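Shared between the two complexes below is subunit A, which has subunit B as its partner in the first and subunit C in the second.
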Partner chain A sequence: MPLWIYFAVFAALTAGTLLTWWVSTIDLGMLNTPIALFIATTKAVLVILFFMHVIHSPRLTWVVIIASFLWLGVLFVLTFADYLTRTWKIY
Partner chain B sequence: MSVVTNEHPAHEHHPFLQHHFEDLGQQHEASTLGMWMFLTTEILFFGGLLMAYWIYRIMYPDAWSLGAAQQHALYGGINTIVLIISSLTMALAVRNAQLGKRMATVRMLVATLVFGGTFLLVKSIEYTQHWREGLFPGVHFTWNETPALAPKVQLFMTFYWSLTGLHALHMVIGAGLLIWMIWRAWRGHFGPEYYSPVEVMGLYWHFVDIVWIFLFAFLYLIPAAGGHHG
Partner chain C sequence: MSSLTSNDARFVEPEGARNYITHDYGALSWLLTKDHKRIAILYLISITALFMLGGFFAVVMRIELLTPEGDLLTSDTYNKFFTLHGIVMIFFFLIPSIPAVLGNFLLPLMLGAKDLAFPKINLLSWYLYIIAAVMGLYIIITGGVDTGWTFYTPFSTQYSNTHVFGVTFAAFIVGFSSILTGLNFLVTIHRMRAPGLTWFRLPLFVWAMYATSIVQLLATPVLAITLVMLMFERVVHVGIFDPALGGDPLLFQHMFWFYSHPAVYIMILPAMGVASEVVAAFTRKKIFGYSFVAYSSLAIAFLGFLVWAHHMFVAGISVYSAMIFSFLSYFVAVPSAIKVFNWTATLYRGSVALLTPMLYILGFIGLFTIGGVTGLFLAAIGLDVHVTDTYFVVAHFHYIMVGGAVMAYMAGLHYWWPKITGRMYPEWWARLAALLIFAGFNLTFFPQFILGYLGMPRRYHAYAPEFQVLNVMSTAGASVLAVGYALPLCYLIWSLWYGRPAGPNPWGAVGLEWTTSSPPPMENFHETPVVTWDAYDYPAMLKAMGETQNV
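Here is the complex of A and B:
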């Protein structure tokens, strides 16, 4: 990959870090968590695609990576579906 | 195995091509795929811990807010930038190895090691402060501000130490792997045909960086402003 891509990704990651820190100093109520999660996920995707060269990886690697996040999703969805719907305790 | 290895003519193939692979390309694909399989287990490992953290955060938002307020976002932020720089130097090391630039590979790997060490140094300063403040879970845990919330703040700190501690352990292992890679790069093992070990080492290093990106957001930032909103 051309050199500029690495530096562009690095700049985006640094900007994301500063942005997530700056946003955390403002109270946006319900939006605090989604925004921080969105920035963190975007940074992770940039690292995976470019630093980890997944963008140029064979399909099989893509399948493994997508499957791993799919299973993480199953873990989260099923567990939260339980804990967040227990009527005997109001969170 | 060793008998077979000794019998076949030398220099018939690349010295690092293992016999069960057709060619270096296939070997490289198998190496990266294998590393991703391992990283899948790591994603679920850290993912499970973060999920447990999240459930307790929803249950005890006030304690989580207080716990996060004990973290020094400046240290966390500096370490995030330090790790991102180390990821850049790691990616450049892989690129240099790919291009067959021996000394440039060594330099970038050493830089990655230095930034990784900086991260651990800052982390140890933070740990020392938390320890002195009585924020290590156990018999010496001290929390006098809001006694009713003490056990819950202690739970937050348990997650803090577990998550950052396991992450730091990964960093130490990564530093060990880096030293090994620096030695191999120095010996001139890598080139355009064969750079899989640096690439695979890079996958591990970047993964550990990604884990920190989430830990920084979860432990230092999110609850600080909006803990009371769940």
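Here is the complex of A and C:
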């Protein structure tokens, strides 16, 4: 990968960090957490794709990464199956 | 006949040639070795030592429970003993047992490879294990820990004043040992198979190790993160699990069991792999439904991730999620049952040789089935409410982990002992030990099902007097079990010097590991084997033997 891409990604990550800080100074109510998570996720994707060279990796690497995130999804979805239904009163 | 058969003698070394044991001498040649076979031996010695330590805690607990009064140990010491028994047996014995000892030794041999894909990482795994074990021993000597092996919050983060930080850190480190082993095996199975050894020609032990490695790789990091958060909260008091700071104690249980339920499959999948090898070898048959058994390993690995909250039914999770997890838990029974039925179908009309490994595996099939069926009892929410935190649960998971995993480990150890050491173990003593272990095990743990159903809670050093008879039976069984485990230790060491030389293939088994000499040479095979046969091709082998006899 050409060197400028690394610098561009680094700049984007720095911008993301500053953005997170700036957003945290504004009260958006309900949206506070989702926006912070959205910025963080975007940054993580940039790191995985470029710094970890995944964008130019073979298919098997993609399978491994996607499977890992699916597993993380299992952890989140089934945990939330508990948290989001604790207030349900009628079954 | 020019074509190669699986029991061809052409890879066998001439008598007296060097093998992996005699290749080099001196402690450093072992401690710095990158050879998978030597690392397997290092693991064998280490986990045996820790098995004895864990067994010591168990024996003292059983002696305490001989009488209803708490007269041998104080309640605090008893808490530490059951905690340390669990931590030592699970993290330092069961998790590494079959993968790190038998898997390490056999995987390259079964694949026709010279070594694992990453020999140095393999050695690193063992050192991580040893570092964690030394930390654990230090903690045991300096006062121990009393949280239970599950480290539940808020007790572990706020109230316990024992060595929680140190022991969770040790569990964290030993987790990385397990992750690296899994990674190593996965890459090895993908990249190092001998020419002609396609996926559906692989021995089922390899399929089982493959499924196990996936679980190790995907589940263990979650344990690591969870333990780091626990240590963080305990030391810095951030609010992850503490409700007073905005955390949730059940989050710990969710994340802990996301690892620890699949961890049961890290113990039992390799055991199933051993069962397939032994059943095929001692019935002289192909495993019935090979591909079903292979795929059911993967299905267990996957479904095992969807059921964890069945450990939390009474902990305060929502009733809706409890129903989901109960429902999903029943699904895991399907692939496990497929395996049990297929082994049984393989036995049908096979020429069953009741040698020691087969005795252990027959025990394994029966005890694992009892453990699995009682697991279904526990997955039913209504019954689980009744027996949660009673001896019923203790009996259930010992049927899986000891009746299942340890029995299969003993089977595998005996089955491959001639390959590992080049010597036969004494068959009569070995059968006696197998029978003692089976009888002692049932006498120890079957009464605990009844105790639990009658309502005796686990994790107390004293109990109501009406439970004494069954507890005395259980303790008596534990003594038989202890003798049963001590016997192999004696006669296996004895056999190193006095055992009959085994030769390359004492069981007349098929599989690449039996085509090289015993013990194998450092590089495993003198020329890379080319595989032209399916796994467990005993019918063809028997036919070939018949032809030679007719000539």
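The rule we apply is simple: the second predicted complex is superposed on the first by the 87 of 91 C-alpha atoms of A that agree within 3 Å, B and C clash if a C-alpha of one lies under 4 Å from a C-alpha of the other, contacts with A are read in each partner's own complex, and residues count from 1 in each chain.
What we mean here is this: contacts are C-beta pairs under 8 Å (C-beta built on N, C-alpha and C of every residue); 3 or more make two chains touch, one makes a residue touch a chain.
Every value quoted in this text rests on a predicted model; they were computed, and no experiment measured them.
J.: In the superposed arrangement, does A:T85 touch subunit B (first), subunit C (second), both or neither?
T.: second
J.: Where does A:M1 make contact in the superposed view: on subunit B (first), on subunit C (second), on both, or on neither?
T.: First partner only.
J.: Of the two partner chains, subunit B (first) and subunit C (second), which one does A:T33 touch, if any: first, second, both, or neither?
T.: It touches subunit B, and subunit C stays clear.
J.: With both complexes overlaid on chain A, does A:V74 touch subunit B (first), subunit C (second), both or neither?
T.: In the superposed model, A:V74 contacts subunit C only, not subunit B.
J.: Is the number of subunit A residues in contact higher for subunit B or for subunit C?
T.: Comparing touch counts on subunit A for subunit B and subunit C gives B.
J.: Name the residues of subunit A shared by its contacts with subunit B and its contacts with subunit C.
T.: 67-68, 71, 75, 79, 83, 91
J.: Where on subunit C is subunit A touching in the complex?
T.: The contact residues of subunit C facing subunit A are 218, 222, 250-251, 254-255, 258, 305-306, 308-309, 317-321, 323-325.
J.: With touch defined as at the start, can you tell me which subunit A residues reach subunit B in the complex?
T.: So the residues of subunit A in touch with subunit B come to 1, 3, 6-7, 9-10, 13-14, 17, 20-21, 24-30, 32-33, 36-37, 39-40, 43-44, 47-48, 50-53, 57-58, 60-61, 64-65, 67-69, 71-72, 75-76, 79-80, 83-84, 89, 91.
J.: Could you pull out which subunit B residues touch subunit A in their complex?
T.: Listed in rising order, the residues of subunit B that touch subunit A are 29, 32-33, 36-37, 39-40, 43-44, 47-48, 51, 55, 58-59, 73, 77, 80-81, 84-85, 87-88, 90-92, 94-95, 199, 202-203, 206-207, 209-210, 213-214, 216-217, 221-222, 224-226, 229-230.
J.: Can you tell me which positions in subunit A touch subunit C when the two form their complex?
T.: On the subunit A side, the touching residues are 67-68, 71, 74-75, 78-79, 81-83, 85-86, 88, 91.
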